[in-house]
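Next come two complexes built around chain A: one with chain B, the other with chain C.
This part shows the complex of A and B:
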């Protein structure tokens, strides 16, 4: 048995070798390209980490055994009120997310399950919102905030984003996939309209909420232009604006301190993404636009 | 779980009355002027081919579809315009409609929770229903982890836990395999008898209708063809449609001229003879030629032809019949059905007249 087995094996290998080689080349090219792209993408981050954890003398010098230090983080933390900025950003993204969930859920439910005159016109208007660059509206939005007497407050940063066309669209698509019979079964069991939304639709749309929540949080965590314009005091500035103000104070630019500050401000997002990476990708695939 | 003291069910059925109910979809009358009486505590099956309006009728009773004309009464109360939740009924859907994010226990008590029934009462009822349906071991599972039959039981549990006077079912067995279907048929029927609610059950399967129903309501293209108990429906079908819908293989409906030898008066009408009612007799009144035969073991189906009309008969499997041969067939007078040539309705007077001629 063993003898005949060892006899045939080399032949089999030889026969399949050329085919395997051609297949390997394809995979190798793909792998190579993936690595190149990944390295390109990670380079700025790697540089930021490198400069942040080494003394400023090593900013442009790469030595494997350069001394490690946390001094840059301490300096950055002391140089600007980052604790306050973090609190502001945290309040900002929470406010936006809560507002978006509430508003988009109700709007999406109405578009998905009710027929009312003007429904398709209204939904088209919501979709058109996706085509408008938010930056175009900065002046108009600023005027509105002035009118509401909200300039330089956290709600002023949040308000323009709460009625999110993308959120409404995404949730509507998800709600449409919920079988009608579940809706009807809940209705016969005596659930009210909002009860059905709460007990049937929302639990079934959980993956979509997770995916949309992560996108929304990361987008508004990183948002810069609008907060920069509408805020002008320490009490309202989110981290992005705080960081830019901080890096502009010193005329002598200290890259290691700036990068330490940058790392601090992006760390919560990075950690969240690494933790939720799988759910994040999966839920987007499942919530895929149909 | 279900001790005998615990096993008394207080629920009792209520009668349902449809008075000239119509449903119109863009000019098309999906349900046309339908009047049905469903006595309290009975098992009524709405039967018919797909598109006959049986599901629409059920959904109108449930309150999931509006009633365009006529009215519906449950227990003497006009519920035509009441929301589904206030009609005092429960429903089992074809897809079972179990909430995939809730466990079996949560699915069953969903309605009680919505109606804010206390926790102790809820748990008590859950334990009783789970015991009754053999679900006690599965209460923590999600519907996705259950087999089709188990899912069906959960849907039943959700329907019976509140002990509503009326239970509606929309083709609940169509997703099960044949063996399980038979078991569930027996189980559902036993459950309905035990709990005493009024059941309205929609199916397109005549076997389900015949085996389970106290009353079969046969619908065709939105019209009522016949409402009767299964025996009556088989023995005395009111129309050729009813005659051909019940029974396998269906009843042979021939032009009356095929029996002109016995009674020339039948010529303008149609006559119906069940395949199992025909027997070869040397001097039988019906002359036919055998065209083909299908051997099924216990019996066989024989396709014949007479005066240009084809029909089928069923004979015991041990009979010798050769295709192409000429045979003469007879039947008992009470097995002859006559349908009016104009209205299509049953004409017992003509059948009796022919019977007298056959005897005489």
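This part shows the complex of A and C:
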């Protein structure tokens, strides 16, 4: 976990950088190019928002004072059981996150602070999951779910992701940075193994939990292929699958309505991102740097 | 597995007890890990030698028949070629863009907050939603791309997603748009970890911006490039969500990728035996890539 140490460096860089000259052609050109790319990058989303908040007559006509409307969202909301889809996604994401936190914490603690036969072999097997992900093993995992009679349930979507090799690795790296002395002090005071984990390690790993939580939630909110395979009813479909079912109906649903539905399904994540931009960016960074 | 509380009071020098604790802590995670990753991987390999069970007819051992079928399957080679082109089209471009974005965002340019937000936002959006938005862009005649090219250059209407020559490239553009901002984050972290004194020293020696980038910044970011490219390669095989919306693999498999073909084989034609064989091919490719990349980059990552 080097990220926590580098957090302070931007300020350090900024403080040590000499003040810029009043006008600098190089900087101006770079700023211009960066802005052009940024506008290009935001364009698809901006366009989707434009069509969603205007009547369908303005789908491809851009007038600054085109009348605003909320009708597209109402139509989309009424046309498909989005409320149910949201509830499903919410349950799915919570289930996965709770399972991952529990299982990964226990396993990471074992790998970080215990010596036992088979440790390196098992750790290699855990890391193998970074390469061979459940996303790829759809054929066999579907058979397993049918065997367990779990097809078309929310646990069936969640179970393959609960023991995350990535999560175990990330938490292990964090636990390794906890000073041994703290651990030993708690032991002398008579704390149990789980007590030490709960009172020493988990509080010190809070930033990692936040980072991993954000990455996990956004990943599983967005996940599509496995939920598509394993669900086939309204009661279990998450929003991504619901959205694809909704927009796949070739009954001439207006673009503005589809765009409204698209924005609606991404809105919670997007709003959370815009509000907590710094945390998001740092979390993705923290989760990426091992 | 929570029954260990009281035993911890005993002296911990007893190694056996420590082993048991560790194993109990690991047990739940390992059960799930084996059940949904390792055992399915082995089972995939095993089932790739069998026919698809149908109704009351159980799976029959076929030996290498499925593999012979795969080698003779033109669609298989088509999607392999597509995947190669997809990887070559997305990875270098998105990495190059990510580096440029990171350099800009790391600079103190005006409106940096907005620029960073713009670059990163596609990362947060679900691939399905992204595909929906872009589908509208690509719509012939009506979509924004046709409108712009039509009014600026007078181009005729183009069915970007419906033409075998352009369908895959259109998908590549969407993928680059989605991934570049994600990779930017890692380069940003790498840039911030470079000691400013190195750059200062180079400036005193009279090195230009390009020299600094080529001789200092880029080599120091090599571990990041390794990490990002492994990620990108895995993603190019793992992410097919947008194909469902944009092209459905068509026209005539022109934009189908390996995992999408596996999905079609196993869940649309319900040929799970052949689906397993195709999955083995995917697993072999991923392992070969990981091993190859590790050895290839290992020599270049270490700098003097």
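As a convention for this text, the second predicted complex is superposed on the first by the 243 of 290 C-alpha atoms of A that agree within 3 Å, B and C clash if a C-alpha of one lies under 4 Å from a C-alpha of the other, contacts with A are read in each partner's own complex, and residues count from 1 in each chain.
Simple rule for what comes next: a residue touches a chain if its C-beta (ideal position, glycine included) is under 8 Å from a C-beta of that chain, and two chains touch if they have at least 3 such contacts.
Not measured: the values here are computed from a predicted model.
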Which partner reaches more residues of chain A, chain B or chain C? C
Looking at the overlay, what does A:187 touch: chain B (first), chain C (second), both, or neither? both
Tell me which partner A:245 touches in the superposition: chain B (first), chain C (second), both or neither. neither
Is A:195 touching anything from chain B or chain C once the two structures are fitted on A? First, second, both or neither. both
Name the contact category of A:91: first (chain B only), second (chain C only), both, or neither. neither
Kindly classify A:179 by the partners it touches after superposition: chain B alone (first), chain C alone (second), both, or neither? first
Tell me which partner A:151 touches in the superposition: chain B (first), chain C (second), both or neither. neither
If you stack the two complexes on chain A, which partner ends up touching A:79: first (chain B), second (chain C), both, or neither? neither
Where chain A meets both chain C and chain B, residue numbers: 187, 190-191, 195
Complex interface listing, chain B residues touching chain A: 62-64, 83-85, 89-91, 93-95, 97, 99-102, 110-111, 114-115, 158
The chain C residues in contact with chain A across the complex are 1-2, 4-6, 8-9, 12, 15, 18-19, 21-23, 25-26, 28-33, 35-41, 43-44, 47, 100-101, 104-105, 107-111, 113-130, 132-134, 136-137, 139, 142, 144, 147, 177, 181-182, 185-186, 188-189, 192-193, 196, 209, 227, 234, 237-238, 240-241, 244-245, 259, 262-263, 266-267, 272, 275-276, 279, 282-283, 286-287, 290
Contacts from chain A onto chain C in the complex sit at residues 2-3, 6, 9-10, 12-14, 16-17, 20, 26-27, 30-31, 33-35, 37-39, 41-42, 44-45, 47-48, 51, 59-60, 102-104, 106-107, 109-111, 114-117, 119, 122, 125-126, 128-129, 131-144, 159-160, 162-163, 165, 168, 187, 190-195, 218, 221-222, 224-225, 228-229, 240, 243-244, 247-248, 255, 258-259, 262-263, 265-266, 269-270, 273-274, 277, 280-281, 284-285, 288-289
Taking the touch rule as given, give the residues of chain A at its contact with chain B in the complex, in rising order. 179, 181-182, 184-191, 195, 199-200, 203-204, 206
